[in-house]
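Below are structures written as structure tokens.
Common to both upcoming complexes is subunit A, partnered first by subunit B, then by subunit C.
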Partner chain A sequence: MIEQEVIIKNRAGMHTRPAAVLVKTAAKFKSDFYIYKDGMEINGKSIIGVMTLAAEQGSKLILRFDGADEQDAANEVIDLFSRGFDE
Partner chain B sequence: MSFKQGAESIKEKISVGFLYHTNKTRLKLEPLTGEIGFERSIKDKNIHRPGLALAGYVQLFRYDRVQVCGNTEMRYLSQIDPKHREEMLRTIFKFKVPCLIITNNNEVDELFIQIAREQGVAIFKTPFETTKLVYFLSDFLDDQFAPQTAIHGSFVDVYGIGLLLVGRSGIGKSEIALDLVERGHRLVADDIVMVTRKGEGILMGSGTDLVKHFMEIRGLGLIDVRSMFGIRAIRFQKRVEVVVELMDWDANADYTRTGLDEEGISILDVQVLGIKLPIFPGKNVTVICEVIALNYLLKHYGYDAAKEFAKRLEAVISEKSKQIGERRVDYFEHDFE
Partner chain C sequence: MPDKQHIKNEIVLRGIPASHGISIGQAYLFLKDTPVVEERIIQPKEIEFEQERFSRSLDKSSKELNKILLFAQEKIGEAKAKVLDAQIMVLEDPVLIGSIKKRITSEKRNAEFIVSDEIGKYAALMLKAEDEYMHERAHDMEDLKNRIIRNLLQERLISKLEGSVIVVAHTLTPADTMILSRNHVLGYATDRGGITSHAALFSRSLKIPAIVGLGDVSRSVINGDLLILDGYSGTLIVNPTDERMKHYEKKRERMNKFEQQLTNLKDLPAETIDGHRVELSANIELLDELDYVVVQGSQGIGLYRTESLLLNSDDFPSEEEQYQEYKKVTDRVHPHRVILRTFDIGGDKIAPATADESNPFLGWRGIRISLDRPDIFLNQLRAMLRASVRKNLSIMFPMVATLEEVRMAKRYVRKAKAELRSQGVKFNDKTPIGVMIEVPSAALMISQIAAEVDFVSIGTNDLTQYLLAVDRGNTLVSKLYRQFDPSVVNTLKHVINGAHKQGIWAGICGEMGGNPLAVPLLIGLGIDELSVVPAVLPEIKKIIRSLNYSLMKELAVQAMGASTSDEVERMMSKFFKKHLPEIPLDN
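What follows is the complex of A and B.
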């Protein structure tokens, strides 16, 4: 299991487009992917789940990957966050 | 039976301002100290009546709770010596009291309010009598401090039974929920179901304020069930009664064949009925969900099909041991229809 804290960098926060990019990326991998924010943990492969977090710029999320390809999944997803979803 | 449940969370505090703004109409609260003390936090769901503290006994004064002054407290204060009274008020407001509510529209004099102001305590007045106020306020605070968890699944009211569908991402929970809505059942929440424990042993499920009745259908995107199917297709909250876990068919897994071996599942330490449902192409899961709900209703009304069948079987077996040469159906009536 891999756990990593990330910060939302882009100005608009995790709105519809980045949320869609995130779940698509996560869905490529077999590993479970969960996001934790403000006492709520959601499935990172579900678009509605990700959007429920309504994560604004600067907010902190804890990502959790669990499964056979967790390292690859973590690398790609964390890279996405560090690029600010290319926005 | 186990499935992934989100972390349990309990609200640690609410602010006095939040208490006021969410309850001002329902509890008919009138602020007597403006917005003073609105930033103070309430951390306890219980309510305290400061009668003994006002009489001078402050050793066990639960000052950290919402204080409610009824007729008893107010009349006691009005009949004691004014000097002693001021001293008593100064004593209790020195504690970090979150706020104080005066019931029955009891008169509050300037000094009372002035001391509260000095110490930064919010005071409210309500026309409700104490028992009624305590009843409504407890209900609100109980709800605010109830343990809660977010579950990844779809939650539908099927024939009045709260059916929570869970299973891995992409197994088809939303599609089944949509199919159930099409057949006249009511969607409570899709994808993120907020489950709250109410009282002892009751789980209530609802959607989040943001997502309410939106759902994602793979290949289509987001749809709004409420505007698409109308008000009859939704509801805001429902008690969680049955958890249906959808799983890929696995020839080696052990599925119940009779229904006699019921399994429970624990959510927030509350046991509800859990059903493992293997799915494969061509299986009509929607109809099975309806049957699950109907079977649950039958059991609730005292008819357990599996037990009933077992009873019949036992009766036939014991009968058989007495007879020789039996047929498996009764004699046909002479109409050959």
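What follows is the complex of A and C.
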């Protein structure tokens, strides 16, 4: 299991487009992927869930990956956050 | 059940008669905007069925959303398109779908209830965020939830509507009307809508009595209430007294008798006493109507609304599918003529619903859409031309405003012909091309337009609303929508004369042609063809056959000189009462 804290960098926050990119990326991997924010637990492979996060710029999220390909999944997903979803 | 034995008071509601006939039956409330979700416990053996139902509703919802996207992607604006995209993605959300399916099985509840609860939970969370953006997303999720539930309920509705009922609704879209009509519907009663709303036209063509514009019928009636629906006068009676029932049963008998008399006219031409012939044809939008049209004694199809093909399928129909439909019509109606109108979408008709136009009637509709989407247009033209080999097919363009549009559209016809020719496909090179005259600019420019087409057909509904600047569907101003305003009468005359001067014929395919009161005036103005809803065809024929052309010409001259709509209407009723006393003008 890998756990990592990330910060939302892009200005518009976790709106529909980055949410979609995130979910699509996570779906490529077998590992479970959960996001924690303010006591909420969201399945990172669920678009409706990720949309619910209401994560604006600057908010902190904890990502948790668990499964055979967790390292690859974590690398790609964390990279998305550090690039601010290219926005 | 003694606790339910309260005496029900009779309520009389008045609306706009939209389709003739009298129906007596039980009310069925058709609520769709905010579907009411019942919680139902299901039996273990129903679980599988419930799961399938849920899957089908997802499928249907996804097709609907994709169709909207595909159809108008570049027109609805990026913001709107994104909203649809998000909804489509949520429809494919494996976590959401998985948990709904799991809950249907574990909680043994109906799909509507679980869908509503599960998606509702997320929407509620989004609403909690103090953020405008999140609130909008919450509304999107509500929309999506309602779409899925609607599709679930609609499926149930169709199987449920087995008895004969009178459908009561706030509004009905043409699609609703069509879906409902596959069942045995006795009548329609709606809160909203005008006489020319598409749903009203539709119920008329299916000969199902209907009243629109009743105000709040959907809140005055409960499921199972006994109703009398009088589509002649626009009266709806809820829980009628015995006396009232007797009165209406008698009226129904009297009207039926008159309508039976008319069937004898079936094979006779629409010819006046002094030998003036008018072509009397039918407006249709469904192949199912063809048999009925033939029974009604039509001389052809003056308007086939091809946009109904878009209702039947989730995608745009292919050239081949369209060809098969058009061929069926031309074969069935041969040797009479069939006028196929290219897709008339937009306005209030099967709109690209999310093309968020603040003024759709002045917006992207009719030929404008076709000229903007050559792929769709050429597809349709090729299909039509292929069906023209029996030489009884004509093509007509809707909503033409300028001569340039006519020329552009004809250029596409030539292109479609060239494509077919290069593939060695046969068609009638002389297929007549006509346009609808329904925009005032086109009416004014009739001489120039008539010089470049083979016929014109006047769409009086739109023409009236554009001339008078009145939205016919807006109940605040709909009483200003007067088809017999002298401006309309004089415009008709201008168009008919302009067409005749160029040696082409002029017809009417608007509502007015099927209004018994208007028929003497229209023929007096020199109209060559009337294309009417099949239901009124025999009555119109009877009127034509009972009158002298010379008399009608006098009436037309009088009407052109009138100053107000009231004056024109008085002239028409006086004429009618004097010369056609045997025809019950019951409205």
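Keep this in mind: the second predicted complex is superposed on the first by the 87 of 87 C-alpha atoms of A that agree within 3 Å, B and C clash if a C-alpha of one lies under 4 Å from a C-alpha of the other, contacts with A are read in each partner's own complex, and residues count from 1 in each chain.
Methods note: contacts are C-beta pairs under 8 Å (C-beta built on N, C-alpha and C of every residue); 3 or more make two chains touch, one makes a residue touch a chain.
All values derive from a computational prediction rather than experimental measurement.
Participant: Please work out whether A:Arg17 is in contact with subunit B alone, subunit C alone, both, or neither, and reply first, second, both or neither.
Facilitator: Only subunit C; A:Arg17 stays clear of subunit B.
Participant: Once the structures are superposed on A, label A:Asp32 by its partner contacts, choosing first (subunit B), second (subunit C), both or neither.
Facilitator: Only subunit B; A:Asp32 stays clear of subunit C.
Participant: Based on the superposed arrangement, let me know which partner A:Glu56 touches: subunit B (first), subunit C (second), both, or neither?
Facilitator: In the superposed model, A:Glu56 contacts subunit C only, not subunit B.
Participant: Between subunit B (first) and subunit C (second), which does A:Glu41 come into contact with in this model arrangement: first, second, both, or neither?
Facilitator: first
Participant: Residues on subunit A in contact with subunit B in one complex and with subunit C in the other?
Facilitator: Shared contact residues on subunit A (touching subunit B in one complex, subunit C in the other): 27, 43, 45-49, 51-52, 54.
Participant: For subunit B, which residues are in contact with subunit A within the complex?
Facilitator: 4, 6-7, 9, 150, 152, 169-170, 190-192, 208, 210-211, 214-216, 222
Participant: If you look only at subunit A, which of its residues touch subunit C in the complex?
Facilitator: It is residues 15-17, 20, 23, 27, 43, 45-49, 51-52, 54, 56 of subunit A that touch subunit C.
Participant: Could you list, by residue number, the parts of subunit A that touch subunit B in their complex?
Facilitator: 27, 32, 34, 36, 39-43, 45-49, 51-52, 54
Participant: In the complex, go through subunit C and note every residue touching subunit A.
Facilitator: On the subunit C side, the touching residues are 82, 85-86, 89-90, 93-96, 119, 122, 125-126, 129, 131, 133-134, 137, 141.
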